[in-house]
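Presented below are the structures under discussion, each in the form of C-alpha cells.
Both complexes shown next keep subunit A, but they swap its partner, so subunit B is in the first and subunit C is in the second.
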Partner chain A sequence: MSAERGEPIRAEQCDSVRVCLDGGWLEVGVGETILQAAERAGREIPTLCFDRRLAPFGACRLCLVGVQGAGAPLPACTTRCHDGMVVDTTDERARRVVRTVLELVLSELPGDPLPGSELDVLARRLGVARSRFAGRTHERRHDERHPYLLLESELCISCGRCVRICDELQGAFALTATGRGFDASIAAGLDSGFANSSCVSCGACAHTCPTGAIRERLDTL
Partner chain B sequence: MSGNLTELLARAGGPQAPNALAELKRSRERERALEPDELARIATRTGLPEATIHGIATFYEDLREPRGRRHIRLCTGTACFAAGAPQLLRRIAGELGVEPGCCTEDGETSLAEVYCLGLCHSAPALCDGGVIDAGPGLLERVLAERCADVAAPEPASMLERPVLIAKGDWSGLERALTALGPEQLLAELSAAELRGRGGAGFPAARKWQAARAHDAPVRYIVANGDEGDPGSYIDKYLMEQNPALILEGMALAGYAVGAEQGFILTRSEYPRAKPALEAAIADAQRAGYLGERIAGSDFSFQVEVREGAGSYVAGEETALIACLEGLRATVAARPPYPAERGLYGMPTVVNNVETLANAPFIAREGARSYRALSPGATPGSKLICFNERFARPGLWEVPFGRPLSELCEQLAGGVPGGLKAVQIGGPLGGILPAALLDTPFDFEPLAAVGCMLGHGSIVAFDQATDMRALAAHLLRFGARESCGKCFPCRIGLQRARERFEGCQPPVRGELEDLLAALELGSLCAHGSGIAAPLRSLIEHYPRELGLDER
Partner chain C sequence: MEHPGADAALLEAAAEGALQPEGAGTLTTCGYCGVGCRLRAHVHAGSLLSITPALEGPANRGHACLKGRFAHRFARSRERLTEPLIRRGGRLVAVSWEEAIATVADRLGAIRRDHGADAIAGLASSRGTNEECFAMARLMRAAIGTNNIDNCSRVCHSPTSYALRRSLGLSGATGTFDDIERAQAAIIIGANPTQAHPVVGARIKQAALRGLALVTIDPRRIELADYGVLHIGIRAGTNAAVLLGIAHVLVREGLIDEDFIAQRTEGYETLAALLDAYDPPTAGAIAGCDPQAIEEAAHIYGDCERASILWGLGVTEHRYGSEVAQLICNLALLSGKIGAPGCALLPLRGQNNVQGSSDMGALPDTYSAYRSVTDEAVAGSFEAAWGTPLSRRPGYRIPEMLDGACAGDLKAMYIVGEDIAQTDPNSAHVRAALEALDFLVCQEIFENETTAYADVILPASSFLEKEGTFTNAERRIQHVAPALAPPGQARTDLEIIVDVARALGHEMGYRAPADVMAEIAALTPHFAGVTYERLGDTGLCWPVHADGSDSAILYTDRFHTASGRGRLAALPYKPPGEQPDAELPLTLVTGRILEHYNAGTMTRRTPNLALCDHDRLEINPIDARRLWISEGATVSVRSRHGRCELRASLSERIEPGHVFASFHFPESRTNLLVGASADVNTACPEYKVVAVDVRPLSEAPSQRPALASGR
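Up next is the complex of A and B:
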C-alpha cells in the first residue's frame, strides 16, 4: 500500500481524505473544498461571493486561509482538499489581506452598508467599521421600473451572485455583469431594467444579494 | 463562466455557432454605436441571452469607446509613456478640440487611448482610422491628416543559425509525421525543457501531456497571440512576418496531444496579424500542411484565427478562452485548468505563439541541438525587443543567460539620454535600476532581483523619467485593464492609482497593505503582478515616490 510507505493516497483510491483544520484532523469527501470542510467542523470562514446553491466563483477573496506548503493564502471556496492538507484559518497573512479587502469594499460604497445586509453583518463581525481607503465611489443609479424589484447600483459590489443565481438556478439569464475594473456592475437585459428583460420575478437575485443593491421593494407591498 | 452558458454555446453549435464578439465587432464597424435593437438581433443570431450580449458589449474597449467618423487612438502604453505620450495626448486633444475618450458633438472626430500598437521601437505611436503611424513629427502629421504606416524594423539574431526568425518551412512537422510519432515528439519536447514564453515559464511538455491524458471527444490547441504587454512587439513580428512557424508549432501540438482544431487569438491593435495568419493558413492548405490527412498521414489539423477587441486581461488563459468563445474576457478560478476543461468545455492546450514557434526546431533537430542554443542556461533562444529610448531599438533573437548590460549596450546601443532603469517583461515585471544591469537575462536571475523575464520586452527609461509619474502610469494601466472580477484588483488598483495620481503623498502603511492584498489576494497575475514594479520603485526610488512614512 502506498499509504504505508508514507506517500499521499491518490484520490481514486478512496472516497475520503484527511485534512487538518486549525490543529484538528477531520475526514472529508474527495472533491470537497476547504470551505465545505470548515463548515462541517463548525468553523466560520468569511465569504461574500459564495452561495452554497451556486458554483464557487472565487471573486471576493474574503475566504482566504493559510495552507501549509502553499506560497500564498488560498481561497477556501475554490480550493479542494487533498489528503494530508494542513489548513490554518487564523493565518496572519490571510487575515491581513481579508481585512484590507473588506476595507476596500466599504470604500466603494457612497455610504455605510445597508443595515442588516450580509455585508453589514460581516463587517461588524470582523470588526472592520471604517475604511482607510477613501476614493471614488459608485455613482447613484436607481432602477425602480419593476413592481417588486429594486436595483440601487451604487450598492453593488460585483460579487456576481445575482447573475449566477439567475443563470444557474433559475435559468432565466436575465442579468449580466457589465463594464470592467472599478466600473464593473450588473444590469438586467440590455440595461433595460428587470421589467424589460427575461426576468421571471422569482426574486432569487434579491434573496442572494449580500448588499441589498437588489432587493424587494417595500413600497409596493 | 457558468456551466449553463457553456451549455447554451454548445447548443448553438459550439465553435461553429456565430461568435457574439465577432458579431458585435462587425456591427460596431458599420454603425459607430451599438443600439439596443442591434444587440437584440445579435442575441437572436447567436442564441445567447440579451443580457449576456450587453455584458460583452460593455467589456471590450473597442466596443465601448465613442467613435466619430475620424477615430484617433494614441498609444499611452509604457514605451510611449517613456517617449512623452501623455504630453502628446494633451496637445492632440487641445488642437482637435476633443477630450480623450470622447467624440466631438458633430460626430466628426473621436480621440481614445490605446495600450500598445506594437510600434514601441518608434514611439509614440498612433492609429488614425486604419493607418498606424509613429515617431518624430507625429503631431504635425495628425493635424495635417497625413499619417502614414510605419515599417517594422528588420529582426536580427545573435545565434549563428537563427531559430525563431528563420522562416517556417514545415520540415519539423514532416519529421514528426514520418520519423517521430506523437510519443517521441512529446519525449523530445520534454527533453528540450521548452518553457512557456507567455510570461509564467511553465514547461510546455507538461501541458501537452495533461491535455493528451484527459479523455474527451475533441481537444483544442490555442495559440495566445494577444501580446498585450505595452513595450512588446515580439508576437506581432511572429504573426505578421513569420506566421508559418506558429502554424507549424500548432500542428505539432495538435499531433502530439490528439487535437484536430487550433485557434489563434490576435489583438485588434495589430490589424495586420489576422490577415497575415489567414494568408499563411491558405498557403499551408494549398501545400497540404494543414487540412485533411496531412502529408499522407492520418493526422488532420485546421486553424482558425479570431480577433480580440481591446482588453489586456484577455491574454490570461481562462479569459482568453472566454474571449475566443465571444464572451466577456474575465478570469475564471483554476482548477479546472484548460488542459482539463478549456475551450467549449474541452481539454485545451494554451500556449503563447512564441512558445509554439520553438516546437518546429525541436521536432526537426531534436532536444540536444535545442539545448545547445543556450549553454548553461534555459534551453533554446528568446526573442527580445527594445523601445525607442535606445539608440538602436529593434527585435533580437538572443540566447538565455547573457548579462542585460551586454544586450542593452551592444545590441541596442544604450540610451542616449542616459539609462535610469529598465522594465523587463511587461507591466507586471519589476523595474531594474541601471546599477543592476549586469543581471543575466534568464528566468531565475531576474526573479532574484524582483524582476521577471516575462515575455521579453525591455523598456528603458532615461534619466529625465519621473518615477512617481511612472508609478501612476503603471497603476492607471492596471486599473483601466482590470477585468473587474476579483475584489483586491478591482478596487485595490483604483485606490492605488488614486494615491499616486493625487497630490497627497501616499501613506506607506496603507500602500503596504494594498500591495499585500494585491499580491496575495488577487485571482490572477494581473492584480498580483502589478505590485512587482511598485515594489521595485519603493525599493530603489523611495524619495522620488514621495511616500508619507507615517
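Up next is the complex of A and C:
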C-alpha cells in the first residue's frame, strides 16, 4: 500500500524479498544472507570460517560470489539479500579469487592438510591440490597436556572458529587469537594449555576446527 | 558445507575408511544429565571412537559438555560386568543367565510365598529408558504383586513433582529451554547450571551476555552470578524466606497481574494475608541477605513482560523443599508469567531420565502420568492390559524401604542401576538395611558400593547399548538408539526384566522396546500419540495427543487442577531440619561438579580423572583462616551422623559459614554426613543443609574428645 503512494517499502513491512540465484528466482526472508538463500536453493557455496552455530564472520573469503552491480565479489555469509538482487555463485572472478585464497592458506602449512579435515575436503572439491606459493611454513608446536584435546598449532589457519565458538556457544572465553601476520595463531588461556585455562572441556573448538589444529585425542582411547 | 564443524580426528578416520562422515553416526540422546542433548555416536569395529553434538538437538543446538562429549570410555572399561554373578560362600561366582534368572525368580517367589508380595521392593533406574522403567514398574506390580517400586527422583526432584502437581497440575516444566532466550529476565535459585547442567548453563550465559537480566539466589556465588544483574547470597535452608519476600514486594508494588489472579488462580486472599509478615527486612534477616536485594529481585522479575524461573536441587533437597517449589509457582501465578513464551518454570532435572522414570509410574503411589494406584478406573485399565489383579495399596518409598529392611518387614530388593550405598543419605543406615535383606538383586553395569551386598548381580547395558526413549527436563521424549552391543554376556535391561517376569510366571509379551512404548501410549493419555517414528530426530514434549501434536508450553488457557485454576500456596518459612550450633558451627551443602556425575560410576572410569580425581570441600577463606585450614589440606568433616575426610579448597564462591562437598568418589563417603532429615511431603533427603564441624586433620577429633559433644 505504501508503495502505491510512492513511498519506499521499509524492511519491516514485508516478509520476504526476491533474489535471482544462478538464473533462478527465489523468495527468501528479510535479513537472510546469500549463503542462507543458496542453501535454500540447494546451491553449495564453499565456506571455511563459517559455522551455522556462530554469527557470520566473513574472514576467509571462500564464499565469495558475484553480485550484479557490485564492484567486486562479495562474501555470501555476511551479505544480506535485497529485493531484486542477482547473484552468480559460479562467477569466474570470484572462483579465481577463492582458489588463490585457498592456495595462500595451504602455503602456510608444513605439509598437506590433515586427511579428511574440512580444509582437505574443500581443497579437493575446488581442485586446489598444491600451492604455487613457496615460502615460510608454520613450525611444529604441539600441546598434549589435556586428556581429550590436542592442539597442533602448525595446522591453524586463524579462521577464528574455535575462539568464536568458545565465546558464542559455550561462553568459556578460554581461547585467544595470538600473534600477528604470519605468526597469528590461537592459544588456550595465556598459552597455558586447555587444562590451565578457563576451558571447561566441552570440545566445541575441536568440533568446529576445519583443519584439525584442535582435535579430539584418539591416542588415549 | 551442510555440516560445519566436522571434527577432524573423525574425518581423518573417515578418510581412512574407519568411520562414517560427519552427519552420520548413530543419532541418540545423552545419558548423563537431564538436559537431553542429542548426540552422534561414531563407532568403528565395535568400539566407540567419539561422540559429537548433533546440530538438530532442540536442547543443545550443536553443543555438548565434557561429560556427554568425552566421558564415554567407561562403556568399554575392563571393569564392566559381563556375566551374571551369584554370591556363594561369600564369593561372587559367574553363572549362566538361565541359572541367574531362575535363582532370582525362585528366591523372590519363596519370599513372596512366606512373607507376602509387600516384603519385596524394586528400584527402577532414572538412568534407564522410559520403556525399562515402565517394564520394571510392571514387574513389581504385575509379576510380584506389590506397589513397592520407586526411583531415585525420590532423592532429587520429587518435591518439584509434588509442588508442580499441587500448584499447577502436571509434573513437569511449564515450558522449554527456548524460553531462556525468549525471556527478558530470569531467576535461578538453588542451581548451578554451568557445573551440573553445562549445556543449559552455556545457553543461560549466552542469553545473559545478550541482555537477559539474571538474578541468582544461592549460598554459593555460582559462576552465572558473574553474568547476572543481581546475586543474593543466602543462608542454606532459607529459600522460602527470600521467595516470600519477593512475593511481598510484588504484591505491595502492584507488580502482579490482577486479571490473571482473578480469572486463573485461587487462594490469593490467604496468600496476601500471609505475605504481610514477610517484608524485605524480615525476610532478609531470616535469609541473611540485604533486604534491598529482595526489593530489586522483585522489580527485575516483576517489571518486565517475560520472565522465567529455573531451579535445581538447592530448592528441593530440604525439609520443606516441596513447599519452597510451591512458593516458586506463586511468583509465576501472581505475575501471570506462565503459559506464554519466555514465561516458564524450569526445574533442572538431575539425571537423563529422572523425569521419565516418574512419568512411567516407577513410583509407589502412581501409575504412568501420576495417576493414583487407588484410582479404580486407572487400576482397572492396567489389570485388563496385564491380565492380573493389582494392589490398591500404595507401596514403600525408598526411605521406607530401607527402614522396612532394618525392621525386618522388607526381605528382598531388586535394584536397577542405582548405587544407594554411596548416593543415599545416612549411609550407615543404608548399609544396615542392605545387610538386613534376605535377598538383594542388583542389575548394574559395574560393581559398586551397593553390589557389595548383592546375592545376584545381573550385567546390564549402558545408554550406548540399547534402544528406547529418555524424557528430558523439558518433558521432551527423545529416542535413544544403540551404538554398541552390550559387552560380553551383558544384556539390555528390558530383556532382563522381561525374562525375570517370565520366570515369575508373568509374560509381558514385549519383543522390542517399541512394543513397550505402544503399551505406554495405549494406557497413558499423555503419551497417546507417541511412536518412535513421530519422535523423529527432535522428540516431542508430553502431553502428546493422539494426532501426534505435542505441548511445548503448558497451561496456555487452563491449569490441570481440579478447578482448572492455579493454586497459590500460603506456606510460611520454616527452619531446616538442622541448624548450625556451637558444636557444629558450619553448614554443609552437597552437590555435583562439572567433571563428574553422581556416584561417579561412569566418569571415574574415563580420562575425566585427569581433570579432577577427588572430592573437595569448598570453604570460604574467612572460615579457613579461622580454622587454620590451607588450600589442599586434608580436613575432617564431622556431622551428627558421621565423619569423613576431604581435601579443602578455598573459594570465595561459598558464603562464609558454609562448606560445599561433592560425593562422586566412594572413598570420600560424603553421604555418611547426611542424616535422615527429609522433605515433609516426599521424603526427599535434606542433602543441602547439614550442620558440620570442620578442622585440619592434624587435630583429629578422636584424639581430643573434650572438644566433641562430651564437653
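Things worth noting here:
As a convention for this text, the second predicted complex is superposed on the first by the 211 of 221 C-alpha atoms of A that agree within 3 Å, B and C clash if a C-alpha of one lies under 4 Å from a C-alpha of the other, contacts with A are read in each partner's own complex, and residues count from 1 in each chain.
Throughout what follows, a residue touches a chain if its C-beta (ideal position, glycine included) is under 8 Å from a C-beta of that chain, and two chains touch if they have at least 3 such contacts.
Worth saying up front: this structure is predicted, and the values here are computed from it rather than measured.
When both complexes are overlaid on chain A, the residue A:Val30 reaches neither subunit B nor subunit C.
In the superposition on chain A, no contact is made by A:Cys20 with either subunit B or subunit C. Judged by the touch definition given at the top, the superposed model places A:Gly189 against subunit B, while subunit C stays out of reach.
Once the two complexes are laid over each other on the shared chain, residue contacts for A:Glu168 go to subunit B and to subunit C alike.
In the superposition on chain A, A:Val128 makes contact with neither subunit B nor subunit C.
Residue contacts after overlaying the shared chain place A:Ser117 against subunit C, while subunit B stays out of touching range.
When both complexes are overlaid on chain A, the residue A:Ser201 reaches subunit C alone and has no touch with subunit B.
Looking at the shared chain after the overlay, A:Ala41 reaches neither subunit B nor subunit C. Put simply, more of the residues of subunit A are touched by B, taking subunit B and subunit C as the two choices.
Look at A:Val86: by the touch rule set out above, it reaches neither subunit B nor subunit C. Subunit A residues in contact with subunit B (one complex) as well as with subunit C (other complex) are 168, 171.
Those residues of subunit C lying in contact with subunit A across their complex are 1, 4-16, 47, 49-50, 52-53, 55, 61-66, 69-70, 73, 194, 198, 202, 205-206, 209, 227, 594-595, 607-608, 610-611. Of all residues in subunit B, only 2-5, 8, 36, 39-40, 49-55, 58-59, 311, 328, 330, 333, 335, 479-488, 490-495, 498, 510, 513-514, 516-517, 519-523 touch subunit A in the complex they form.
Of all residues in subunit A, only 48, 55-62, 64, 72-73, 75, 78, 80, 93-94, 96-97, 100-101, 104-105, 107-108, 132-133, 135-136, 157-158, 160, 164, 167-168, 171, 173-184, 187-192, 197-198 touch subunit B in the complex they form. Residue ranges of subunit A in contact with subunit C, taken from their complex: 44, 46-47, 50-53, 114-118, 120-122, 147-148, 161, 165, 168-171, 195, 200-204, 206-212, 215-218, 220-221.
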